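Mind having a look at this structure? Questions to follow.
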Amino acid sequence: MPTFWLVALLLALAAVGFYGGRRRAVVSAGGDVKKLHSLPAYYGYHVSLAAFVPAVGALAIWLLAQPMFIETRVSGMIPAEAVPETSTLGLVMSDVRRVAEGLDLAVEQGLLTPKEARNAIAGEQDLRGLMGEVGVALGDSVRPEVLSAAQAYRNLSNTSRTIMTAVVALLAFGGFFWAYARTHKDFRARNVVERAVLALLILAASLAILTTVGIVLSMLFETRNFFGLHSWTDFFFGSTWAPNFRGDSELSILPLLWGTLYISFIALLVAVPVGLFAAIYLSEYASGAVRSFAKPLLEILAGIPTIVYGLFALLTVGPALANLFAKGGLLGVEWMAGATSVLTAGLVMGIMLIPFVSSLSDDIINAVPQAMRDGSLGLGATKSETVRQVVMPAALPGIVGAVLLAASRAIGETMIVVMGAGAIAKFSINPLDSMTTITTRIVSQLTGDTDFASPETLVAFALGLTLFVLTLGLNVLALYIVRKYREQYE
Amino acid sequence: MTDLSQSPAGAAPQPRKHGGSLLEKTPRTKKRNASEARFKAYGIAAITAGLIMLLILVTTIVGKGTGAFQQTFVTLKVELLEEKLDKKGNRDIEDIKKVTTFGYAPIIKAAMEAAVAEYGIETSLKPKELAGILSKDVAAQLRDYVIANPDQIGQTVEFRFLASGRVDGYMKGRVSRDSIENDKNISPAQLDLVDALAAAGVLEKTFNLDFITGADASDARPEAAGIGVSMLGSLFMMLVVLALALPIGVAASIYLEEFAPQNWLTDLIEVNISNLAAVPSIVFGILGLAVFINYMHLPTSAPLVGGLVLTLMTLPTIIISTRASLKSVPPSIRDAALGVGASKMQAVFHHVLPLAAPGILTGTIIGLAQALGETAPLLLIGMVGFIASNAPETLADGLLAPNSAMPAQIYEWAKRADPAFYERAWGGIIILLIFLVTMNTLAVILRRRFERRW
Amino acid sequence: MNDMTLMDKTVDTQKIKIAAKDVNVYYGDSHAIKDVNVEIEDKTVTAFIGPSGCGKSTFLRCLNRMNDTIDICRVKGDILLDGEDIYDKRVDPVQLRAKVGMVFQKPNPFPKSIYDNVAYGPRIHGLAKNKAELDEIVEKSLRRGAIWNEVKDRLDAPGTGLSGGQQQRLCIARAVATEPEVLLMDEPCSALDPIATAQVEELIDELRASYSVVIVTHSMQQAARVSQKTAFFHLGNLVEFGPTGQIFTNPEDSRTESYITGRIG
Amino acid sequence: AAARDQVQVAGSSTVLPYASIVAEAFGENFDFPTPVVESGGSSAGLKRFCEGVGENTIDVANASRKIKDKEIAACAENGVTDIIEVRIGYDGIVFASDSGANSFEFTPADWFLALSDKVLVDGELVDNPNTTWADVNADFPAVDIQAFVPGTKHGTREVFEDKVILAGCEETGAFEAFKEASGGDKKAAEKACIALRTDGKSVDIDGDYTETLARIESNKDGIGVFGLAFYENNTDKLQVATMSGVVPSTESIATGEYPVSRPLFFYVKKAHIGVIPGLKEYAEFFVADEVAGPDGPLAEYGLVADPELADTQEAVSSEAVMGGNS
Amino acid sequence: MNDMTLMDKTVDTQKIKIAAKDVNVYYGDSHAIKDVNVEIEDKTVTAFIGPSGCGKSTFLRCLNRMNDTIDICRVKGDILLDGEDIYDKRVDPVQLRAKVGMVFQKPNPFPKSIYDNVAYGPRIHGLAKNKAELDEIVEKSLRRGAIWNEVKDRLDAPGTGLSGGQQQRLCIARAVATEPEVLLMDEPCSALDPIATAQVEELIDELRASYSVVIVTHSMQQAARVSQKTAFFHLGNLVEFGPTGQIFTNPEDSRTESYITGRIG
């Protein structure tokens, strides 16, 4: 596995670079560390990074590009008539790759000499059997074109590997010596290393943008298809959600949006007060012992698979609510038609979200300096007054973050809604009615049996994209609010 | 100069009337204390409510799932008849392999007949019905054995076979004579046979390690299904998530919170991240399918892809919580570090990050818990379904070979028709929770070490 | 600002406001206050002096049970306020702290506006019937804290954006706004210039007319100027307690003398 | 990318149990690795099937319905042209209630009258006034109507609409009335027929049959729609209703006596045969008599064996593609 | 501790260490420092005095760019350290701060052990080759901070668990541990008793031999005792800057005189 060894070499070089760079710096300062611009370790990191990062980058790019390059070269070798009518070049190529891999393995396991592998001729040997022995299953016996292409493939890969090794090694050693040469007591190693780290941090932060771009792109195309098939006015302004198999369905997002907001609202109505009070109790009142077991226990709530919550809603909460509110129930009212309702799903979802609010808020509240509390208590405030008026405002940004996270999770939840709230999209203000949410519709339209090119399926993408835009709006709003009310302590 | 001179009429200010005794509470204090007590009670109520819910859920889960850890087995002597298994008698492995599992049915029937005879059990059942109390997995078990030990053909070997799901249910009390009235999979006569075999000590219910270590089985043989392989799938996914989401999330948060200039670009990133938290998980599946499988050509059903998708899904959670806790570190700490000549980077890594660690770990706990229990995105990248592969042997295999994940497995089982799977689904949830608790415990211990107030 | 005008002080005997009996305080294993007995009189300014780390703040915080908030801190012994044990189970520390106000050593303004910082106490104690009354209280307190002029134009600015000395005065204003019967001030003038110090001392003198004030200070001059009684702490012990004049001119204990003359620290 | 060596199947969750039984047996009896069978619905399965040809696409799509023309077109656009269609048998759809509750003998008209949004009363189309089964049919007990029908994403729903509700609509004459009301538009009339009431009497189930079962267990008056296989595995909890006097069973469905059933399919990418190891063997094994025949494990599990299985076997072994030289 | 021994001071002219030219500082809209020009000499102790809130800390924080950390703070004008503009783009503030150390007005120990508090600076600057050397630095710094005796038995205890004055001295020790060329001390003795104050003053005097020290103080006596140069700030203006002796005995500006004699605050 040459790549493996190459990486090992790079790692080794980086390690050597670390010690080498450090040593050189110390020596250049005449052994007096204090004369160095930066800590010795930074000189080490600098050489390590210079040896490692460009080389690994090149390696990665090469490894990504090599197959493409070889593929085009080799596929050029396959005559058009060698591609069976029903097949495609791509499939033949995968056969080529498989054969090449089989040959490699056979050589590795000593079943073939390298020379035999290079010169093997289709039909002479039972190559399929041989490949079977080394664990590469072929669908058919090896055809001559495929075999020769595979041999060419191996040749090319070998050459390419060699060049790659050379390039990578060159870069690594080049970087190493370049950095090593620059290492000197006045060299600003820390700044360079920190700039590299900062670049990494920025890279990490940009991943969010990339993900967003990815999400939008992966849905945009199908969304466009959807709007090509279905009128956007109905989607945005219609009032009914009623997909059917015959086509020509009414697919409006509004009832779903209503359900989404309603269910999330109820879930937050449960999770936020309970979570916040739990957090406050844990961080302000509870003894260390209580806190250290209650908090992790509550966190388990976030990890119970949602299917369990779904069943809980379906089998326990739903019937319990029905016992109260449905016809013949204890309250003698007839507000609830079945066991599923917005309230059922919201309650259960709220339970699941408790730790989202409680644990995060607890950490944030705990981080508010004690001096703030002392200041308030010293004025004769009760603990609760202190919490409400001093601690909470100071912890507000974090708490808003926690609540937003919970809200986000509520919007994205499916299983609990499916089992707890039913699957009927309707406008109603009765929390005991069944409703459904955008997310569950996305899942069900995507995983259903409808025609995948029909609007009934494609609507999932439009729903996803619209939801994305809507939540973006909500988040902008939240950011604005947090900015406005932020209180910075000390 | 003296502001004091402005106090009314120079008269010494009279102290406010405080209630006389400390031991007697003033009405206002009483009111405030009442509100204090209420506030505290809300807290206690909130925690208790949460814990009670947890208790209910966990007892439900445990109550329904413990059955899965036991299984009914039948110990039988089987004569590996040569005329059925190796007609040519040359022990050629290729020939032996030609006998499919269907070809083993007569041997099993014969073994059952022999057992009935041996223990003197009277039954009117036909051989096929006799074999009906055994799992369909038995033939595969036998065939594997024969292929591995061709020299044993012709011998009589003792095996421990799984009983069928219905029989197992009967032993566990899930199936009763009443409930099988319309059941075409099992008859009262078969239950009589089961009773007799149990009395003879041939059939017994024991701990079932295979459930914890095994792979999924098809709908026709719930008794053979295990969660072990998908547990490894989850494990590998969690490794990927932990290895990527935690460092990337923390790095991104540090940049945004400590280094990023306040401008529209960073605002954009910030809003974007919180928005990603609200993206339904299935959308991440769509993304994963588009990017990792269709574009980057990573294999389908691979835990690596699952891990990547879950990483993207978990990142916002970790970032949001990390940022919140970075924000809550008092600026004086940063000042102190900068004041002794630390660089911003050093101040962050040496002082701020350790102080923010509890929040970061909380985010990780919650993010990983969510990732561990997530099914929807896995649906689109092919990790939900029937993926009965073997336990991966190498790291690369673990990451790339098709596998499922615990929640997906549980979800699949919960959907299956045979009620025996239902019990396994709950059993799977128990294992998932144990997995989760183990994972959390590590983080919680770590978090406790970082918690302090200043 | 002449140095020691001690003998001018009238040392009337007042009723005992706070009596501490055999108070011991421990931080975990370390014994921070050792068998302290002290009687703090009403309508009197009592100064606590002593070298840094001798336990002044610790003892001060015992007097309104602020030590309750430090987990590892244990207080033994009796502290009586108006004859009632403040560590009694039935005593509500909240009510106690309303009576016994505190200015902390490190200024700790709330991350709120200056106005809200001062209005906080009156609000929770319901001292103002309406906004106008509250405004009045805030203004009066800020004036008493000798900071009104500096902040009157920016009452909405955050209290944390003030300079060190301004924060300190804000905290004093915040404490007097609730009109406690006893005011504990832990080095209230440490960050103040002489003028501001003089104003605060004037305030203390004014407060003395009706309240009891305990002040921790490192400035012997200040102690001499404002206090009628002085307690000298050393390594957790209350070495000497008596009329300020006597302590400064004629200390009984040699350690007191050494400290006052600047020989032990 | 390393070569893939197992068959990759995706699609309908109705076909999944059968496919998994076959895949398991296939893995046991062949040297090929056990195929991976993903669930996710016919739509998603076919979509991935049609994504193109090549190793990173699936080889087989399971579907609980026939592939649609539009999908074939989309497939062709991506280069997936030669598709082998394999019908593996039929899925019976049954109506069942809690085993302890009332038993029913339905006709399609009963269902239409119970669940339709609008019904014909005295020649007028009015909002469905029926609240109990007795209102629908005097022979039925006077219990509240509470039906759990598959959600609109399920293929079962389509069959239910076509073979029960629409049939009932025509039976009761409402169809003509709808047609009249919409000015003779047959399509609109059909659509009106299958519109179900939304007042909670008819509940869409988006989950699976286990959810329907759970609903019935918590509401004994409920009647649910199930697959035959599911019912047969849960006879202790459910009792099945007859439809037009026929008791559903694999036999009665195979003979066509019991009207509500649908064919199940899988689709094989011909281009992958010979390339993906074991693909053809898998397809052949699936439809082999010992597997899909009336005595095979699939039938035992609840699949209604296809009486024309021999033709299918023949088509598979000759790799006959759809639309072409079949 | 006699009050004013000003004329004894030798005022040698030293090379200019820090030169501030037309420095203006704004907090948002409010103008905190107005056109300040000042030259701080090497091997000299410069005292900043002025009423609370006049901008001493603000100006001090400009000298090592600690104001960079306050979002709303903008600094205009030039500040030259050894002739180099410290606000130049190419200047690394980190390096600057290593040269120009700071003791903050509010003691801010790290929530770490006392040892780590002091060892942190030497560690990041690589001042110690090994543990023994580091131990030595820590001990020496703590001694110079006049706190060694109090903490030597509990170096592992958290720095935040110290008394106010101890924290202050810990911060001084922390600052001197990195051996900066210029040491900025914002009221380093505000919470210290006379003895500790004297020790810190001794330290300052000792530091003067090789470094430049800037000290903000409210105590005129202290300024007089330790500094060679004094700058008087008032409402953001540098009113007067000159040899300490002259400022205290013969101020040019009337405002200076009023302040020193205690008439404006």
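Which chain is which? They are A, B, C, D and E, in the order written, and residues in each are numbered from 1.
The rule is simple: a contact is a pair of C-beta atoms (placed from the backbone, for glycine too) under 8 Å apart; a residue touches a chain by one contact, two chains touch by 3 or more.
Just so it is clear, the model here is predicted, and its values are computed rather than measured.
Q: Suppose chain E were not there; which sets of chains would still be joined by touching?
A: Once chain E is set aside, the chains that still touch form a single connected piece.
Q: Please identify the chain with the largest separation between its CA centroid and the CA centroid of chain C.
A: Chain D.
Q: Going by C-alpha centres, which chain would you call the most central?
A: When every chain is reduced to its C-alpha mean, the one closest to the whole-protein mean is A.
Q: So how far apart, in whole Å, are chain C and chain D when each is placed at the average of its C-alpha atoms?
A: 82
Q: CA centre of chain A versus CA centre of chain B: separation in Å?
A: Here chain A and chain B have centroids separated by 18 Å.
Q: Measure off the straight-line distance from the CA centroid of chain A to the CA centroid of chain C, and report it in whole Å.
A: About 56 Å separates the centre of chain A from that of chain C.
Q: Identify all positions of chain D at which a residue touches two or more other chains, and write them in rising order.
A: Counting only residues that touch two or more other chains, chain D contributes 1-2, 4, 13, 31, 33, 40, 44, 207.
Q: Of all residues in chain B, which are in touch with two or more distinct other chains?
A: 1, 32-33, 36, 289, 331-332, 343, 355, 379-380, 414, 454
Q: What residues in chain C touch two or more of the other chains?
A: In chain C, residues 94-96, 98-99, 106, 124-125, 146, 178, 195, 199 touch at least two other chains, as defined above.
Q: Go through the chains and record each pair that touches.
A: All touching pairs, sorted by chain label, are A-B, A-C, A-D, A-E, B-C, B-D, B-E, C-E.
Q: List the residues on chain D that touch chain A in their complex, please.
A: 1-5, 12-14, 31-33, 40-44, 46-47, 50, 52-55, 63-65, 68, 70-71, 73-74, 79, 81-82, 144, 146, 151-155, 157-158, 161, 187, 190-191, 194-195, 198-201, 203-207, 211, 214-215, 217-219, 270-280, 321
Q: Enumerate the contact residues on chain A facing chain E in the complex.
A: Listed in rising order, the residues are 33-34, 36-40, 188, 190-191.
Q: Where on chain C does chain B make contact in their complex?
A: The touching residues are 81-82, 84, 86, 88, 90-92, 94-96, 98-99, 124-127, 140, 143-144, 146, 148-149, 178-179, 181, 195, 199, 202-203, 206-207, 209-211.
Q: Would you mind writing out the residues of chain A in touch with chain B in their complex?
A: 190, 194, 197-198, 200-209, 211-212, 214-215, 217-219, 273-278, 280-282, 284-286, 292, 294-309, 311-312, 316, 351, 354-356, 358-360, 362-364, 366-370, 382-385, 387-388, 395, 397-398, 401-402, 404-405, 407-409, 411-412, 414-415, 438-439, 442-443, 446-447, 461, 464, 467-468, 471-472, 474-476, 478-479, 488-490
Q: Would you pull the chain C residues touching chain E in the complex into a rising list?
A: 1, 27, 30, 49-53, 55, 57-58, 105-107, 146, 150, 154, 161-166, 168-169, 186-187, 190-199, 218, 220, 259, 262-265
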